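Each structure below appears as structure tokens.
Both complexes below contain chain A, partnered by chain B and then by chain C.
Right after this comes the complex of A and B.
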């Protein structure tokens, strides 16, 4: 009976029949990890883990087990071979079951390694990989206005699960966390309910909780030259960290918005803070959403796109040409004790080098961006994302071999 | 922090202007359609969908069909007096000008490239049964401007006086007296905080909190001294030496003097006063209500009160104008100021306030509710004043 229920559930949907939806499943293995240039899915569950073991063998065993389970789940299969309703009645099932009957839903699972995986607080080598720590993989500096909660920042490992169905994303994190007990423990996790960027020209631009289109000028999957220049770590970028070539760096910033104060700002002011219209997302210098902003166009009082507007402050033209692949999500974690929304943007960016493509831009934003008045950064983390997983490999294999 | 005073006002929107609809639609002249005028501004033309409209609230939907930034004006019959304007409209963008207009003759003008007198044409507003919002009389405006300027100058002077005494006490090691004066001196800063912060070079030197610093930035100003006077919550804190104290004290004093001199020369417009008033309430909502402003001294309620003082002075100066335009709005805002003040008064202690730490979560919540209740209508203050 149990087997029958299972067979009628996920396995047939994913294995037996061809997918009807184009977005049903993305390949887990490839040159780069999925979940970066993959067209941004609608939902996110992101988790950071602390490694609780001192054993390198246990850590590697976990990465192998995670690889197997993650690959299965991205295909729409249960996390374990027995499944949520099969097996010995005396055993807890090896899949938690909330995804029974749900398709793969475009699930991608992306893994990353934090600086503290390589060295502990005292600089000691934890797993014999300290000499392979990428030079740019360090705890991010303090930025003006940061109000970080250490319990919602940092981490030794991270797993980004994105899917079009929130239950599928949560299922992935829940099962990977369970497999990890004894080797890792969840440090923090974040749900995101709506994508705030486009990573493909096939997608329309969504809105963030300020009500504006976000991520218009993102690096997109259809721009391989820009991806190579701005997102993928190149061969030879870091002689100590050859294992990271083809990978990337993943920055997360939990940006709380002071929603109630923002909502009281006049429309014209809001548009001035962003530098785009709220309606179409066109730059204030005119045109349509995809028109390049003209920062030299003057208005009645300085440039028509204000100098401290977000679009100008972070634009590549004013940041040495640096671009990021942003992949953030809106979040609402209920309300705060004062009745305000505990909400904002869970910012995620993939960059080739945080020292050139993130830190200087974030620093400038913290100092001069008009939006900072309405933002409070409460979480922060940086991870190195190893390259794609080849056939028969496990995630991070090159780092540990 | 953002400087609401310096934010250019893009469109004046009289949200509270009476909007009477013609119930049976029998009179086409006063239907909503006749009160909405499409304007197409190109590099050499300014085309309006109508050249006359019924009196009351008019909406000009201005689209820039040209290649240069443009702006649109509704001017008085003399072609000088600005009834309403909308500026900085980029090519292919649209903006609305909503304005309450009595019957009379007017002039419209598109100004492509925002230069010269613009492309002008006559515009007629005919009497209708909708009463336009009355214009503020010049006397009320002048009075509002004068009293607000006096207030700001006075606060800046008081700030400089009290800061001088404060830094002297602090340098002399009279810590108890310095602690007592700290929130009193800062009151004068907080009352005009939106003005003080509009000087982007001084604010980070005078009012930065430790968390606001960027790597390598030297921490100076009020909060640096605050930490030294209230080090009990700080971990591994090394008290400042006499020499260091003198440095931070003198630095604060000289910046305060620069601030005072700059403020002396400032004048204001009514929309700046209104923006300052709502800006001060945002300061409360952003920092004071959460106890993040004075994390060492916990004198946040003093700052809270001072922000409210400044916001109320701004509002009350404008009240004669608001009374003419929208008495109900004036009443709502007054009532909510009073409700907030009642909650603040309940926390008075001597000539000041209890420590933020003594507030119960419920008391903080009530204050937050009262701030939201006031800030919401106050966010419409500028629009009402300009309507």
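Right after this comes the complex of A and C.
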């Protein structure tokens, strides 16, 4: 199976249907899970779950049930065979109904396993899989400036649902939570209303709530060598975790922006913090959005691209060549008690190894990045994302077999 | 000027541009404010503000500045003339930039005045307009089952921003809040990800998070006689508040749904609570979605449409003929501490008089509606929505002149 063969693979649309973006359906099975290199959809509903049972059999049964429901929903079908309105009026429906009549809308559902699924707080093996815990799958360290809400961090399992229609993404998470009743409970969930990343060269670069283009230098679906080097876990990466080869690590960081303070900063300062122009997104050293930054170019007062600018701090040239596949979303969760918008970037990144591709960069960013003055990280989580599954397999089969 | 002439009036699209829904722009000025009978857009950002100044002049200056910015943004322009990237690099931009490159996206911005704008908690005149306070503009009474969060209720001013792109709606509220810094502060705000109402016969009926079609029997733009009777404040309605003629009252109710409990109810019970089928939305007495319910039809065990069903409890036939123009949105604000989705319906209704068209119906609903077992009202507010403004006028001009 060729690398990426399924990553952007589209299911066949019904004959005669107009082939618009809203009707896109992405294959659920494949070498890698969908929702990573899939062209980033517009909307997100992300949920972290805690497992509430001690039974391995119950947990595996849930993963099987989730597999069936997720595959159905990504095809635009109801979560269950009976559907929201069929069957016995004396029974609850096996789909909740709010997506009746809506197409697949590009829905992808991506599953991940958190460190606490393998071992509890006392280091005890919870489900007989502790010896398969990847070495890099540990609770992320505390970073300077972290103000984490434990109720919005961590989790035994995660599900990322992305779609071009938010009702479809919400419907997916809700039905998986419904199916999991008694086995798992939602620990936290997050809606994202607008994508901030491009994961394909076919997409234009969107803007985050700082008003800047975001994700310009992302690893993209069309770069298989970079994906293999920076995103997919390699076959020999971790002898304990062969089941993770072809998968990835998923980092989430809920980055609240101090929007109101940011909005009072002069345009020149904003551009200095980012290292790019607000208009076209070109590096301050010139060119267009896609021009490589020239960090050596001098201005009247030090480098044109400041040393503490975001683009320089996180650039691969200063981080051992490490790149990430970012897939974050803008969020607004109402207002905080002081009247500021409770808003920012729900950062999502997929990396081959968090110890080399995320932790050092985040640590550096937390210490020296000028942007950090306008960010407060309120949620944080790390999950191991298994590879895709083949016909007849279920999510997590390689881990639990 | 004919009633409704501007209600669905569209600004001319740029020549040669494809005339897709995403590029629609609605006129900001007109007989009525846009965002009421305008075909309900897909996404919402609603904000309530408290006035933090004691100065009438400052408040009026803000309403003038808001008028300019709102009209610009509904045309797809930046909030200010300089724009997000023009002007002096030493000054903060007069637009925050996240909507650069996005079209008007059907944006409407609708302003309202709360009871506390007229009088403070001690009954004192705050801005010299107490004698113009409409008699019906009072804090809504406590209804049985209300579990209001004061921090998510009430407000001196409100702004409803609706658009087909959530980034455009968020951009509008954020820039109005930015412009209001020092004069007003956001008290609460609410994102809605999916419309639950049709306000035009050109729209199909969407579904709420109970999975049912919602808003079937809404007052619609194409019903001018019903709008005049049920939605627009008449010229002689309130001698103290002539400035409100041609306006309306806006009620918001943040109705949390106990999603997880609802999902465990048998289909037949769910349909009995609503009084309609989940599939087509037809009344349980038969026909299609648009068939009038037959409340007299008998089943084996009482009426086919139960007496405590939602459709019967709120039907005009049992409420003195009163109808509302509903314009609510589905919301999901993450999860609650118990692992349930913090989700439901952000109910918005426009009515001619809350004392006849909302309070009695809500009171009855709170007491007898079977649905109430699955609803918890956590936010509540009432605003007077002035009529539209003509050329050269500003929002609130008739009230403050």
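Simple rule for what comes next: the second predicted complex is superposed on the first by the 378 of 401 C-alpha atoms of A that agree within 3 Å, B and C clash if a C-alpha of one lies under 4 Å from a C-alpha of the other, contacts with A are read in each partner's own complex, and residues count from 1 in each chain.
In the analysis below, a residue touches a chain if its C-beta (ideal position, glycine included) is under 8 Å from a C-beta of that chain, and two chains touch if they have at least 3 such contacts.
Small disclaimer: the values here were computed from a predicted structure and weren't measured.
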For A:300, select first, second, both or neither according to whether it touches chain B, chain C, the two together, or no partner. first
After lining up the shared chain so the two structures overlap, which partner does A:268 touch, if you call chain B first and chain C second: first, second, both or neither? both
First (chain B), second (chain C), both or neither touched by A:282: first
According to the stated criteria, A:337 is in contact with first (chain B), second (chain C), both, or neither; which is it? both
Could you say whether A:141 touches chain B, chain C, both of them, or neither, answering first, second, both or neither? first
Counting residues of chain A touched by each partner, does chain B or chain C come out ahead? C
For A:258 in the superposed arrangement: first (chain B), second (chain C), both or neither? first
Go through the superposed model and pick first if A:97 touches only chain B, second if only chain C, both, or neither. second
Please work out whether A:57 is in contact with chain B alone, chain C alone, both, or neither, and reply first, second, both or neither. neither
Hey, what residues of chain A end up touching chain B and chain C alike? 260, 264-268, 271, 277, 279, 337, 339-340
Report the residues of chain A in contact with chain B in the complex, numbered from low to high. 141-147, 258, 260-261, 264-269, 271-273, 277, 279, 282-288, 291, 297-301, 304, 337-340, 363, 366-367, 370, 373
Applying the document's contact rule, which stretches of chain C touch chain A when the two form their complex? 43, 45, 47, 50, 84-85, 87-93, 96-101, 151-152, 166-167, 170, 174, 177-178, 181, 185-191, 193-194, 206-212, 259-260, 263-268, 270-271, 277-279, 330, 332-335, 337, 339-341, 343
Would you pull the chain B residues touching chain A in the complex into a rising list? 1-2, 7-11, 13, 64, 69, 71, 87-88, 90-95, 114, 211-215, 217, 278, 282, 285-286, 289-290, 292, 361, 364-365, 368-369, 372, 375-376, 378-379, 382-383
